[in-house]
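Pasting the structures here.
Two complexes follow with chain A in common, the first pairing it with chain B and the second with chain C.
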Partner chain A sequence: MNLLKTSMSDAPTSSTTQPPPGNRNRIFWITMSGFGVMYLGLIVAMIFADYQYANWQDFKDLLGDPTVRFSVWLSLFTCTISAILSMWVAIPTGYVLARVGRDAINSRFANQPLMRRCLRALRYVIDTLLDVPIVLPPLVVGISLLVLFQTSAGRWLDGMTNEVFAALGFPGIQGITYEIPAIILAQFTVSAAFAIRTMRDTFEQIDARPEQIATTLGASHYQAFSDVAMPQARFGCVAAFTLAWARSLGEFGPILIFAGTTQMKTEVLSTTVYLNFQMGNLKGAVAASLLLLTLAIFVLLLMRFVALAGDDDRGIMA
Partner chain B sequence: MIKLDKLTILQGNFSLREIDVSIPQGAYAILMGKTGSGKTSLLETICGLRRPSSGRILINDQDVTRLPPSQRQIGYVPQDSALFPTMNVARQIGFGLEVRNVKTAQRKKRIEEVAELLELNSLMKRNPGGLSGGELQRVALARAISFRPRLLCLDEPLSSLDEPARQSMIDLLRAVHDSENVTVLHITHSSMECRQLGTLQLRLANGKVEPFEGLV
Partner chain C sequence: MKSNQASVRPTHRLGPTATSLAIAARAGAIPSLLLAAIASIFALGILGYLAVKIRPDAKTQKSDEKVVRVYCAAGVAKPTEQIAEAFNRLSDYEVQIARIGGSGELAGQIKTEFETQILSPAQLFITNDQELLNQASMIEVYKSRHTVASQQPAIAVSAEANQSFSGIGEMLEAKMRFGIASKRTAIGLLGRKIAGQQNMLSQLEQNKTLDAENVMVLAQALVTGSIDAAIIWDTTVQQINAQSEKPVLKIAGPADPTGQTNGYVAVGIVATSSESPGARAFTDFLINEESAKLVLKRFGFQSAIQND
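Entry: the complex of A and B
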């Protein structure tokens, strides 16, 4: 009883020491936003410092160089191809991963515990393997690709690609390794993993129920996927494509090892930055970095406004 | 004629064993049962969304037990409507005809006919996002009958509706049954729906389906 009395008499005293609810809300939001603002400040400061360091003349010098202009076009071309290839793999893979998740396995094999456990373990292994390109250091991806193409199967593929390109009218492209296809493959290896993750998350957020109902209405699984699931996944597709494209543009390590840095052949914008830096031309490296940055922001913003018609208020990655 | 022949559904700890039911052609069958008794599982198995462990499902003497849902010609109205979020009402209604490659003119005529029957004409261009519970159920019903199914399965179609909407939906369901001449299997736990609509009353209890005359 005494305890109750004490706590009741304490209550008004303790509430008077706290700030009023309005102030508390403000403190909460300011504290929560503060961390993001600090990080945002770092990004803006880096961009600002780059623009401060380089001047217009450095840009003009850089763009006056035909090898740099080639690397810009090569970057844009390879990024777009590898992003398209990534989506080609990510959409079906993401869909299968989302629809054959733990719940689906549990429900389909409810009466077969061993099968259920095996499939869940397999699913876990597949998920982990698909994340390998994300967690591997980029140089390791490059070395692994190089080693892969030193095996007999890799050499055969290299030789066959050489013939295919010759038949298509590109005799200059001698296979894959140290050629333009190597750039695309290096970019694709990493960017596809990001695109698959994004598409898997997208399809996981889409209710599977309407697709099931579509099949009772006469739709095949493909029709349920293309007519019911895909229209709902359009924002996710834009996000996955954008992420794959941006990853490809910034990709550097695997390209350096697997495709090399031959001017007018396999030099992309990210390797231009590296080459300038290696030669002690810091101003050139910064100007190339700014070019990369400006291109990335411009293309990503354009994509967001064209594809999403600017109708949501999230960032470039949708 | 819909016939379930010793149909057994095992789903983890839940089971329905050796269900035997016959629903005559053109009947309006009401299946009642408590929550968790397996009504929805039974309906989904008939539609092909769940696999039975054993037994057969026969529609007009055709064994459809192993057929995929798309080939069973069953219209299904789930409790949650499960409309397609990106399609307008007209396209939802015509979806079953679209996937069967029915010609546009014919499809349009049938969409208008079904929309007229279910009083959906004013909603044709709207997406499901802004529709009320009653409107959602009417669209789901229209979508399920547009391709003239052999059997119409309704999973508690009135449970989310308020009282006036419920009565008007009952009238619509009766109109659909009369005009489309379709066999209906309607699951519910409302005795009022059972009294007003059912020409055949069934009860699912203790894992068995049996005729149920108690409320009539």
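Entry: the complex of A and C
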């Protein structure tokens, strides 16, 4: 009882030294948001500074240049191709990585400890290798692709591609290296790694049990994947595609090395920025950067609007 | 429920193939995932066609021998671009500037490509530093070398600044934020050589604000106001000013008080180049054609022709 009295008599004292719960919550949320707001402020300040530096006339001059218009269109086409190719690889690979995880290996090979260990090690190695394009400096990816296409297999593929394009009526496209396919390959090599990671995380978050139940009810693995897992993974697919597309748009290092920066041939928007800068045209470089930025924001918003608008929780119009 | 809503969308705007696929998908004959895969193949085909089609020369049967790929130093890129345009109009060959960068960086890449036998995209190398070609020629990286023009290292400042210097020493005494180019560039090496001759190299290295990748990066830093002065080529100032309506940079004085130090723009025909007639034709054009000389002169380059 004394204890209770003491604590009750202490209560007003403690309330005078500590802020009330409402204030504490406010402080918590302000602190937690503060870091994000600072980062957001940095991004907005950079964009604002760019818009301050380049005026409308710089934009008009830039877009009046046929080489820049070419690089805009080439960027849009190659980015979308790379993103689609990335999804072809990312969806099945992400699914396999998510479903053939540690638990699946443990349960499947419960009585074969050596096999279990080997498979787990193999899975980790594969997982790590798939992350290599993410951690490698972009220039290294470009150099590696260039070296790869100087091997006999690479040269054969280069020659074959040349023949294929000639047969399709485009003899001007001479193989892969230093040509448009090199841009796509360079973009794909990096963006696919990001897409795979996103899809793996997506499928890992989806419960595997409904798929197992579907198979026990007579569905094939393909049906379980396409009719049970994929509908649940649609937002992950949008996120992976968006990430792959955006990564491809900003790709520069591998393109510089593997595709070159020839105007009206392999010049994409990121290389337009570089070329303008190297030619001493800073305003042109800033205007091209803003064009890249505006394009990225517009397409990303459009994609999210189109793909997620119908969803109550994630849709941009929600 | 949403998928049901989606399935009642009209299909009359789709093409006949897409319509039949959509009808088959509705009837359950084609699973939606397979339909998505087919749609993505169509999309790839269309996008691939468009990506190739926008290239003006995609349908031109062009021998690789007719293309001359050039690696070009950043400091001489703008005049080279204009000269290449004039050459392409008059010649059967087509000059393409494949890379622009610091002279040392590009020379290093060509040397690596030569030593590792990687197919080099470069048939010609236009450098701000003749010495790089001389060094590489010892291991026969280049078939031939030709000096094209000369330029002088200068101290550049903002056009609005009112300083003037008689050399690097005065710039150092002014306690300004200044930049020099890296040792991988011709101007970086020359600036250090001049400072070394005046026993100011350590002072230059210690007080520099920026050590830029190449002369253009250094000049851009000066334009943005990140530094107050920079040791760059006199021709770079003209190239930068040519991009604006009014001058943004000016020369505050020579880097070398004696005015005797020059940098030489040179052309090297790469030994690994698959075909050299085109490279030779462009080199001749660059050196002998009056219109090319005029372009170089307009950017402040002095004539200095030598062949090797």
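Keep this in mind: the second predicted complex is superposed on the first by the 293 of 318 C-alpha atoms of A that agree within 3 Å, B and C clash if a C-alpha of one lies under 4 Å from a C-alpha of the other, contacts with A are read in each partner's own complex, and residues count from 1 in each chain.
Keep this in mind: contacts are C-beta pairs under 8 Å (C-beta built on N, C-alpha and C of every residue); 3 or more make two chains touch, one makes a residue touch a chain.
Since this is a predicted model, take the numbers as computed values, not measurements.
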Partner chain in contact with A:G280 - chain B first, chain C second, else both or neither: second
Which of chain B and chain C A:L42 touches, first, second, both or neither: neither
In the superposition, chain B vs chain C on chain A residues touched: C
Partner chain(s) touched by A:L122 [first = chain B, second = chain C, both, neither]: neither
First, second, both or neither for A:L146, with chain B first and chain C second: second
Touching partner for A:T215 - first (chain B), second (chain C), both, neither: first
Common interface positions of chain A, toward chain B and toward chain C: 223, 227, 231
Residue ranges of chain B in contact with chain A within the complex: 10-12, 47-49, 53, 68-70, 72-76, 78, 80, 82-87, 95-96, 99-100, 143-144, 147
In the complex, chain A residues that touch chain B: 107, 110-111, 207, 209-210, 212-220, 223, 227-228, 231-232
Complex contact set, residues of chain C against chain A: 2-3, 31-34, 37, 40, 43-44, 47-48, 50-52, 54-62, 64, 69, 74, 77-78, 81, 96-101, 116-119, 121, 214, 216-217, 219-220, 223-224, 236, 239-240, 242-244
Interfacial residue positions of chain A with respect to chain C in the complex: 70, 73-74, 77-78, 80-81, 84-85, 87-88, 146-147, 150, 165, 169-174, 177-178, 180, 184, 223, 225-227, 230-231, 256, 260-265, 275, 277-284, 310
